[in-house]
Every structure is written in C-alpha cells, then in structure tokens.
Amino acid sequence: MTEVQVPRVSTGVAGLDEMLGGGIPKGSILLLCGGPGVGKTILSLQYMVAAVRRGEPCVYVSLEEAMEKKIMNAAAFGWNVKEAIDDRKVEIMDIFMIPHSQGIVEPVDRNKGKLQLSLEMEIERSIKKIGAKHLIIDPLTSILVHEQRSGRKRFIIGQLFDTVRNMNCSAVITAEGIPKESDFYMEQFLADGVVLLNKDLLDYKLIKTLRIDKMRGIDFDDQPRRYVITGRGMQVFHSEPVLM
Amino acid sequence: MTEVQVPRVSTGVAGLDEMLGGGIPKGSILLLCGGPGVGKTILSLQYMVAAVRRGEPCVYVSLEEAMEKKIMNAAAFGWNVKEAIDDRKVEIMDIFMIPHSQGIVEPVDRNKGKLQLSLEMEIERSIKKIGAKHLIIDPLTSILVHEQRSGRKRFIIGQLFDTVRNMNCSAVITAEGIPKESDFYMEQFLADGVVLLNKDLLDYKLIKTLRIDKMRGIDFDDQPRRYVITGRGMQVFHSEPVLM
Amino acid sequence: MTEVQVPRVSTGVAGLDEMLGGGIPKGSILLLCGGPGVGKTILSLQYMVAAVRRGEPCVYVSLEEAMEKKIMNAAAFGWNVKEAIDDRKVEIMDIFMIPHSQGIVEPVDRNKGKLQLSLEMEIERSIKKIGAKHLIIDPLTSILVHEQRSGRKRFIIGQLFDTVRNMNCSAVITAEGIPKESDFYMEQFLADGVVLLNKDLLDYKLIKTLRIDKMRGIDFDDQPRRYVITGRGMQVFHSEPVLM
Amino acid sequence: MTEVQVPRVSTGVAGLDEMLGGGIPKGSILLLCGGPGVGKTILSLQYMVAAVRRGEPCVYVSLEEAMEKKIMNAAAFGWNVKEAIDDRKVEIMDIFMIPHSQGIVEPVDRNKGKLQLSLEMEIERSIKKIGAKHLIIDPLTSILVHEQRSGRKRFIIGQLFDTVRNMNCSAVITAEGIPKESDFYMEQFLADGVVLLNKDLLDYKLIKTLRIDKMRGIDFDDQPRRYVITGRGMQVFHSEPVLM
Amino acid sequence: MTEVQVPRVSTGVAGLDEMLGGGIPKGSILLLCGGPGVGKTILSLQYMVAAVRRGEPCVYVSLEEAMEKKIMNAAAFGWNVKEAIDDRKVEIMDIFMIPHSQGIVEPVDRNKGKLQLSLEMEIERSIKKIGAKHLIIDPLTSILVHEQRSGRKRFIIGQLFDTVRNMNCSAVITAEGIPKESDFYMEQFLADGVVLLNKDLLDYKLIKTLRIDKMRGIDFDDQPRRYVITGRGMQVFHSEPVLM
Amino acid sequence: MTEVQVPRVSTGVAGLDEMLGGGIPKGSILLLCGGPGVGKTILSLQYMVAAVRRGEPCVYVSLEEAMEKKIMNAAAFGWNVKEAIDDRKVEIMDIFMIPHSQGIVEPVDRNKGKLQLSLEMEIERSIKKIGAKHLIIDPLTSILVHEQRSGRKRFIIGQLFDTVRNMNCSAVITAEGIPKESDFYMEQFLADGVVLLNKDLLDYKLIKTLRIDKMRGIDFDDQPRRYVITGRGMQVFHSEPVLM
C-alpha cells in the first residue's frame, strides 16, 4: 500500500506502534477490547499521556470508575494527569449513567451533575473547549449496556463515532469483554481499528497477548504478540512469536 | 458441467476468479461474509474498481461507515473512486438507518437527507440513473439488524434480491460475521454465491483464509485458500493448500 | 427384512439408490438437509428429472429463489425443465411468502399472484391437475420460518405431509441447515427418510459427505459417503469409506 | 438386590432383556429416547408384538405418523398388527394434535374425530375396553411440544404417568431427541426406566449404541451396547464392548 | 480444622461417611445432584433408613414419583419403610404440584388432598408431629420448576432452608440434573453441602462417580470416587483413584 | 511500578498477600468469584479476622446463609467472631431479600426486621457506627439476582461501590459463580481487584486453583496457584507452578 501519505498518531506503546507501522492513522477510532484486568484503562491513559507530551489536548470521558481513582493509578506509572488538567491539556468528563423507567438513561457528571445537552453534544463541547485532538472513552460498554435492541445500539455507536469524525479527532475507546470465536461485537465493525487484549490459560499458565484485529487504511502486523504491564505501562514484544 | 455458456463477471481478484473458473456468473448475487478486519469492504471496492475499468457503471450502497472514509482508504490502494463518480461510472448511496419507535426504521442519505421512496426503490432509481450493471451493498447487516423476526428478515432480503435480479445486475453484498459450524445465516441460502473470509488462531499464529461456500450454476474450487491484503488489494493463493 | 415387497422410487442419483437398496420406498417423504451450497436444489431437480424421464409427472414447489433461475441452472447439467413443463410432465408452483402483521403469512405465486386456496390445497390441486406421482418442495424452511411456536410448526408440517400421503405421492423436500450433534429438526422426526448433506473442514481441507440418517421400512447403508457435484449432477461414492 | 420378587416384562428384544436381567419390572414406564432413524418406533412395535404373542392386550397411542404407515412398516418385519387388532389384542389410538389460539390444543383421532374426553381419560377408556396390560405411546413429544412452560409440562407428564400406574399397565413411551451431556429431559426423571438410542460419527464411521440410563428397582447392565436393525427387528450385542 | 466439636450424622453410606470424616455435620442441609438413574432416591432412602435404625424419626417429602413406588423399590434393598411408618419413625408427605394460571402452584397431598397451609408450614407441622430429626425432600426440582424468575426461586429455597434450620433438623435434598462446567445451580450455593453423582462415557464405557463438591464447617475428601448400586444400596470406593 | 507509595491491606492469607506484593491497595474493592464450596465465605471471614486482629473494625453484610451459621463455622478455624462483635470490632448486617411483585425487592434484617433506609444507606450507617475500615459482603449475588436488566444491575453495583469508596473502606465482596472462557461478570469490570477460585477435574482428579485476575494500581503475580483449606483457613502455594 502507498502508506506514505497516511499521517500517524502514536499509541504511546512503542511495540504497538511498530506493529502498526508507526501508529494509527490520524482521525481513526481505535477500539480496545478485553476482559477485566488486561490493561484497557492503562493503555487508554498511556495513549493520552503520550498525546499530552506531544502538546496535543485530549478529552477523557471516564465512565463507571471515578476519574480520581484512575488519576491515582496513573501516578503509579509516573503519569501526572492532574498537571495536564491544570495546563488545560486534558479535559475530564467524569460520567455515570442513571437508568430511569422505560429504558431512558440519564448521563450525570460526578462533579457538575446533570448534563445540559446529550452526551454526544457535551463531548463535542469539551472537544471545542480545549481544541482537543484526541478523545478517549473508557469504557464504551457503560453507554451501551442499557440498550437491549441491537438496531438501537448500532445507532448510538454510529452517532458517537460520527461526532468524533466530524470533530477531526483521533479516538481510543475501550470495550469490556473479548469476542468469542465467531461472535463479534457490533463496535468492532463500526470502529476503524480494533485491538484485542487477551488472557489465556495454557496448562495452568497465564499468557497475555495483544492482537490487532483490524485497522483500516494501513498495513499492520496481524499476528498475536505477548505483552506485559510494568512500572512504565504496557510493553509489547512485537518481534517474537508468542510460543517459541 | 457445460460451463461454456455461462458469461462471467470478474471479482477483481485474479486468484478468486481462478477459483471460480473465470468469475461469478453474470447476474449473480455474491455474499461476502466475515468478521471485522478481514477485508470485506476492500473486496467490495476492488470488485467495483474492476468493473469501472471495464467501463461498466456501478451503484455502491454504503452503510454505517461514511463513503468519504472508504474513498480515502481506497486511494491508498491506488483506486480513484472520486474520478469514477465524476465520470458518472459510480453512483454512491451513502445511507444510515435511523430507528424510530415500534421497530420502524428510516434510511437517510448522509448528503441528501430522507429518502423519498423505500430503500429498494431508491436503489432501483440509482441503477437506472447511470445504467448500472453492478450493485454493491456494504454491509447488508445494517439493513437487517433492526428486524428481530426471522420471517420478516427473510422477506426483506427477498425483496432486495428480487430488485437486483429484475434490474439484471450482478451484485456483491457484504455481511458482518462468520457463520458457526452448523449455524448459517439466512442470507447464505438466499444468495447465489457465498464467499467466507476467515481468521483463525493456530498456536497463536493468525491464518487468513477465503472459501467459496456456494456458487450456483458453475463449477468452482471449494477448498479454503490463504489470502493477504497488500498495497494492491486482496490477493488469493489459489493453487496452494493452506497448510503445507 | 423382507424388502421384496416394497416398491422403490429412484432418487436420480445412482450411488444414493445403491445405498438405499434401489431407491426410496414408494410414497415416502424424503427430507434433504444441508447448509448453503451443498447441492440440495440440484438433488431435488435431479430427482424430478429422473421421474420425468420415467414418464412420471411431478409438482415442483419452488420457494425463495425464482424457478426461472433454477431452470437455467438445471440447463447447465443438460436437464431440460422447460420442455418437461411444456409436455405437462412438470407443474411449477413459484411461491414467495409475504408476512403480514400478527404473524399471518400469505403465500403468493410469482406469476399468478395470491393463491385462491391455502398452500396445501393449491398443492393438492396441482397434483391432481397433471396426475403427479411426485412432489418436490425447495425449501420447506421458507414455509416454516414465519412460525415461532414449535407446536404450531409441527402442525403445519403434519398438515403438509398428510396432503402428500393422501395424494399417494412420493416427495423430496429440502430443509436449510444441518442439525447439530444432539439437536434435531422437527421435520427429521416427521419425514419418512432423511438425507444429510454435510461440509466439513479437516485441517483446512473441505470434505463433502452424504449420510442417510433415516429411512422407514427398509434396510439401507447408514454410513457417511463422499459425494461430488459434476457436470452431470450429484454423484455419490457409495462403496468407499470417507477416510481411507 | 433381592430381585427374585420383581416380576418382569420382556421388551421383545432378547439382548435388551439380558441387559435388564429378564425384562423391565412389571408396571414400569420405560422411556425410549433417540434422534430420527434410531429405531424408536420399531422397538415400540417389537415390544407390543411380543406382548401380543404372550396373549397380553396392548393399547398403542400413535401420534404424528399415521398408524396405517407403521402397520405397513411392521409387516416388513413379519409383524402382523392388523390381525392383532382384529383379535382385539391391540387397540389403536391414532391421534394428531390441533393447536388452537392461546395455547389450547385439541387431540383428534384420525378415524373417530374429536375425542370426547381428555387424552388421559380416553387412554384409560381404551385400556379398560380390551383389558390392556401394556400401553405404548409413540412419541410423547407430540403431546408436550405445544407447552412452553416447564412447570405445566411436568404436570402433563405426571398426569399421564399416574394414569398408567393407576391402570396397572407397563408402558413403553418414545421421546424424540437425545439429551446432551448434562442437559436432561424432564421425562427422564419421571419415568421408571430410560433407554437411550444413539448414533455417533467416529472418523466418518457411524456407530449405533443403546444404553440403559436408568431402571428403578432392579440391577441392570449400565454399559452402552451396539445394536442393529435387521429384518427381524432390533438386535442388541449385549455381551461385547462397543469398541474392541 | 478442629473438627472434634462438630457432631456428625451418618449418610447411611459407609464410604461416603469416610469421605466426610464421619458423616455430615449435624443440622446441615445436604444437596444431592445428579441426572436420571444415578441413585439420588436410593441414597435419600438409605439416609432415612440409617436414621430410623438409630431411632431418629424422619419426615420424607416425596414429589413426582408416588411414595408407594419408592417404598416398593426400597423393599428390594431389604429396607422396610412401611414398618417405620407404622412405628411412627417416618412421616410421609406424598406431594404433587398443580399449576394454575398466572404461575400460581398448589401443592396437593396424594392421600389427604389440598394442603391446609403452605408447603413449608406443613413440613414444619410434620416435623413437630413425630419430633423428626431429619428431613428428606426428593426432588426439590418439582417445587422450583414452576418458578421462572431467579430472584423468586432463590427466595423459595431460602424459605425452605430456613424452616429446616429453625427446626434443628439435618436434611438430605435431591436435585435433578448435574451442573455443567461453570454453570451452577442456585441450590448449590445455598445448601451446606453438595454431593454430585455423575455418569460419564469414556470410549463407550460408563463410569459412575460421586464427588463432595462442598461441605461447610468440616474437612472432607474432595476427590471424585467411583460408586456402585448393589443389592444393599449405594457403595462408594473411597480409597481408590477413579482411573488406575 | 513505583509501588512504594501504595499502602497495603493484608488479605489474611499469607500466600495471597505474597502474590499481591503485600496485600491489596488500601481502599480497594476486591471481588472473590467462585463456584460452590471453593471457600469464598472462609476467605471473607479470614480477611475480617485479620483486620480485627490489627484492631481495624469491620462491617460484615451476610446474605442468604444466616450469620449465626457462619460464626459457628468460623469457630472451627479458631476464629472468635462473637468476641469481636462484643468488642464492637465487628458489626453484622444479617440480611435476606424478599421479592415483591413487579420486581420490587425488600432487604430485611434477620434480627431487626425491615430496614429503615436503603441497603446502601444502612451499610453506610453501620460503617459510621463503629468507624469501620473494612466492608465484607457475602455474597453480592443475592442483591443482584432479582434484577434482570443489565443496565439496572450495573447501576446497583455502581451505587454500592461508590458508597464503599466514599467511606474510605477497603472491601472484600464475594460473587457466586466462575466466569466462563470469554464471558465475564459485570462486577469483574467494576471492582478494583478480582480473585478467581476454581475447581477443575483433570482425569478424575480435583485441582483447586486461585488466580488474581485483576488488581488496579499495583504489580501482582498473575499466574494460577494451588490452594487448600486446612484447619487454619485458606493457604496458597504461591511459589510453585500448578502442574509440576
């Protein structure tokens, strides 16, 4: 492919950037799928921190777990999120969803209370406010879990992704769970890129692997690769086969 | 079989044409099934580009992902879709589906707004407009996802396929997902041909295979074959067994 | 068993007749189950063509795929269905099902419009019209797909099968799908005979097998056998084990 | 166990009687479970014929498949059911179930029309009429398929089994399907005995086995055993292991 | 564990008592899970007979299968239940459940008709009547099968188990079915102890094993062990591995 | 990771503390998942007892099984819970849930009757009452089982976890069941840490393993490890591979 023209955005993880041939294409929506404890939130923070270090503002939409807790955990990796907020390089949306009767759900900001506009519009406002180049949502699952109808779910994702694209942002969005052999998540089809984080037991030994399942518009290493979480964040062993 | 009489249409992929003995029978509906990132959209574009190069006009119905993004991705393969549009060789329908209450769904054109007629009738109009010989729908899933009742779903597919056949078009239609061992998609039975694009992990190594599951009216190579996506599109290794 | 007395009807496939000890018992209902592209329609046509060659009239109830298309595909095998229709040896019912609200479904003839009577009664009328000795339905699935309630589904099949038996016809009826290990289709229990057409992948190699799962009133070869579709229709390798 | 006191009833299959140590305990309800084409109906007829030969009258409740067809198939084994009917040794109930709206189902006799009483009471009447010592129902599934609620289904089976027990009959009842590894049918728990008839594919070879899953009040051979259907009915190889 | 203080109750099966280090803790509720024909009822009777021989009165709540039949089957093992009833050492509740509309279920005594009080209260009354030290319910499944809602089901079990505990009884309760790999029954969590009775096919050979899955408050042998049903009841091979 | 700053809380199990590098981070919510009889309640008590020995007050919310029973079982391990209650080091909430119509559920205290406030608020009150530093809930499942809607379930867990975090407690919460290969429990994503307790059968031998699936903010041993329950509670073999 004539990939020369495609400008790239680093994921913040050197090994993963290698697998992508330099990073994700600018303006892409990357979905991170994985079970509990695989490091989805860590990777989402690592992506943000790398962007901030390049001077690019980010909007981080935190769902379920309070952002305060994530900021504290980020500190253990030497990532100073608070400073970035103070420098107006990071805008936090600390959201939880309140379900009302008849399937109506209300997103509420932990600090500011009820949102004035719809979640997409508030995200748009936050992006404009600091001129963000990146959007992180962690996890998308919280927004979708209230909706049973698959057609409706697809529409919500579509709306959200359109917002990201209209604002010319790149995005990293986490999704709880790992799709089974031939079952897929709707989000996987709608996102531009998908990274799967996996834990397997092989003879009672745990193996952690990352695989790029999809990345539109570029060539990439599609093989599974081992990874670890260390004191400096996620690290991917991109040049070795998983089993040797 | 006395295949001499059956006129063929190239899929745009030389190796796949070989497997089909020259291409799909003219007037056939070919379904491409696969999970995320297997190259369904790429193959659908490659089919279109080949047709345009032969001077045959195409209608491309794009769902979910905005056509603009696909056109950009096509450019990375050296495929100039914009030019084809300007030459009136390609007519784009850039659709998304808005779900209303009570299961009613409204298809909307990203550029032109609400459709005046039903989706089938608008497709028919587009085909007539440029005298199209080919229809591409990517993906069919978006049209079906709103309908839960299997009888109704079957009827929608039937209607759509009848339109294609009445207009004497050949068609390539993508479907999200890969059917499991003995579960099948309804579309597989109703289409004339089915190509399955698959990704497997074998000892933590990824293997991508393509298999023609079905093609009415002709002889074909029914064995699975490896394929890759390169800078020139999809390429199929049609003369080698998958495992050597 | 004293099989001498049971008169037989050829399936049109020599190898399958061998497996059955001469054909299916006259007046039997044979169900053909299989996934997409296994050759169900081809076998149903081959059965009909053989009957016509013996001078026995057939009613062919075609659902979903237009009969015109099947006739064209049959021609590739050298089977002249049109001539048989002109000779009044074959009566075609070219049906599609329109679902209305509240689960009501209306069968419509592609050429003649709404049926005047119920589908069973129209089938009965067609059988009488040409004095048919055989009924083919391809596929039964289209008739059943609109009905969710298993009791009701069972009743519909029962009604249809009773019609066939009352008219002293033999029948070949196709069903979409292949039952899983210990899940069965209701139709399998209600039919007199069941043939399963199967495709398996073994180390990325495709293997096509046919197995007689059931045939009331006679002895038969119950082992799976390989088959191919060639320019002369389906051919079964009835005297060799699948794996050698 | 001090099995001396338990009077036995032959199943009509010598090998199966051996496995049971002489037959089923008098007054037991034996359930025959199996997929299509395993020989459930043949075994049910073989049981009846053996009883008639001992001079013991039987009521045979035939569902789905018309009794006429079964009688014809029985003749191929040299079993003269018609004569037994004429001798008032066999009373046939040739039933089909008509589903009405709201889950109400009406059992209808193919010859006599609507039943005057409930199915249990009509069965009771038939048993009294000829002083039957045995009841055969083939298949039970037809009676249960209309009922979705598991509590209700359990109640229907309980009612039916109570009738059998109150009339001091022994019973053979067939059930369509074969329970999966750790899924069971409700009927299996409620019956006194359960025989499973199974077909497996092992390296594309078919293996037919019978296993007594349960038999209250007696010792029995609980190992799976091979069986065949020959011109003389079912035959069980009770003294050899399945794989040698 | 300092098990010295925990008074024990024999299960009536020597090998199982060995596995438990002397029996179940007094006042425990032991759940017996297993498919059809594994010997749940036999073990429940064996437990009762052992208690009666020690002079401890028992209430036996029999569901589905009439108690009369169980008493007869017990006799084959040399267990005289009738005598125990006459000696007022055993109080029988011979119950079946009648489902009414809207999910309401009425427990009815086969001999005494409608229960005056709720099932728990009648059980309480029976326990008081003979000063029972043990309660046996066979099977619990019959009580739960009518309830679809998992929260409600949990509540019913809780009520019943509370009754047992308030009356200072030990209990053996059977449950139909065997939980699958990582699916569990609610009852397993709520009971104090769980014994799983299992049948497996290994190369067409049947293997019967018993495993103590759980027993609160004591140490026990948690390995699976082979068992047989002989003329003297259940016998467990507690000191040998299953596969040798 | 610079784990120096993260203050730790002992789990009460030395081997598990080793795996965690000293214990769980202060203020974390640890979820214990496992099937019946794996030792969830034992571990929850062991955690509490260790805290009490350090002089840190605990609130123990006991659901389903009466606390009295757990206290008795704790005594067998030499853990004196009663004394801790008298010393106001432990506050017990002995709850059961009563389901009313329309999905409304009422938590009731076994001793004090209906709760005056919502369960979260009562928990908050109990924590304040004794200045608790730890909350134990055993099991969470009882609170969630009445709620079918996944969005609503997520909200309930979120509310509860927020309460714990606002009160600056550390928490150990048990969950019934063990998630399957790629199915996860919602609680696993929302908790800070997850420990899975597992029982496997390998050639009819039982193997018990513990695995830390997730622990936010710290490095930990993520390999499965064998464990046993002895007279002194749970013990983990943290330095040996499971299979040797």
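Read from first to last, the chains carry the letters A, B, C, D, E and F; within each, the first residue is number 1.
The criterion applied here is as follows: a residue touches a chain if its C-beta (ideal position, glycine included) is under 8 Å from a C-beta of that chain, and two chains touch if they have at least 3 such contacts.
For clarity, every value in this text was computed on a predicted model and none was experimentally measured.
J.: If every step must land on a chain the current one touches, say how few steps get you from chain C to chain F.
T.: 3
J.: Mind listing the chains that sit against chain B and also against chain C?
T.: none
J.: Since chain A and chain F are copies that touch, just let me know if over half of their interface numbering is common to both, same, or not, different.
T.: Interface between chain A and chain F is built from largely different residues.
J.: Centroid from C-alpha atoms only, then distance chain C to chain D, rounded to Å. What do you get?
T.: About 30 Å separates the centre of chain C from that of chain D.
J.: Please report how many Å separate the Cα centroid of chain D from that of chain F, as a whole number.
T.: 52
J.: Using the touch rule from the top, collect the residues of chain F that touch chain E in their complex.
T.: Contact set of chain F toward chain E: 35-37, 41, 64-66, 69, 72-73, 75-78, 96-99, 105, 139, 141-142, 145-147, 176-180, 199, 201, 203-206, 208, 229-231.
J.: Which stretch or stretches of chain F touch chain A in the complex?
T.: Where chain F meets chain A, its residues are 1-3, 5-6, 149-152, 154-155, 158, 162, 165, 181-182, 184, 186, 188-192, 194, 207, 209, 211-219, 222-224, 241-243.
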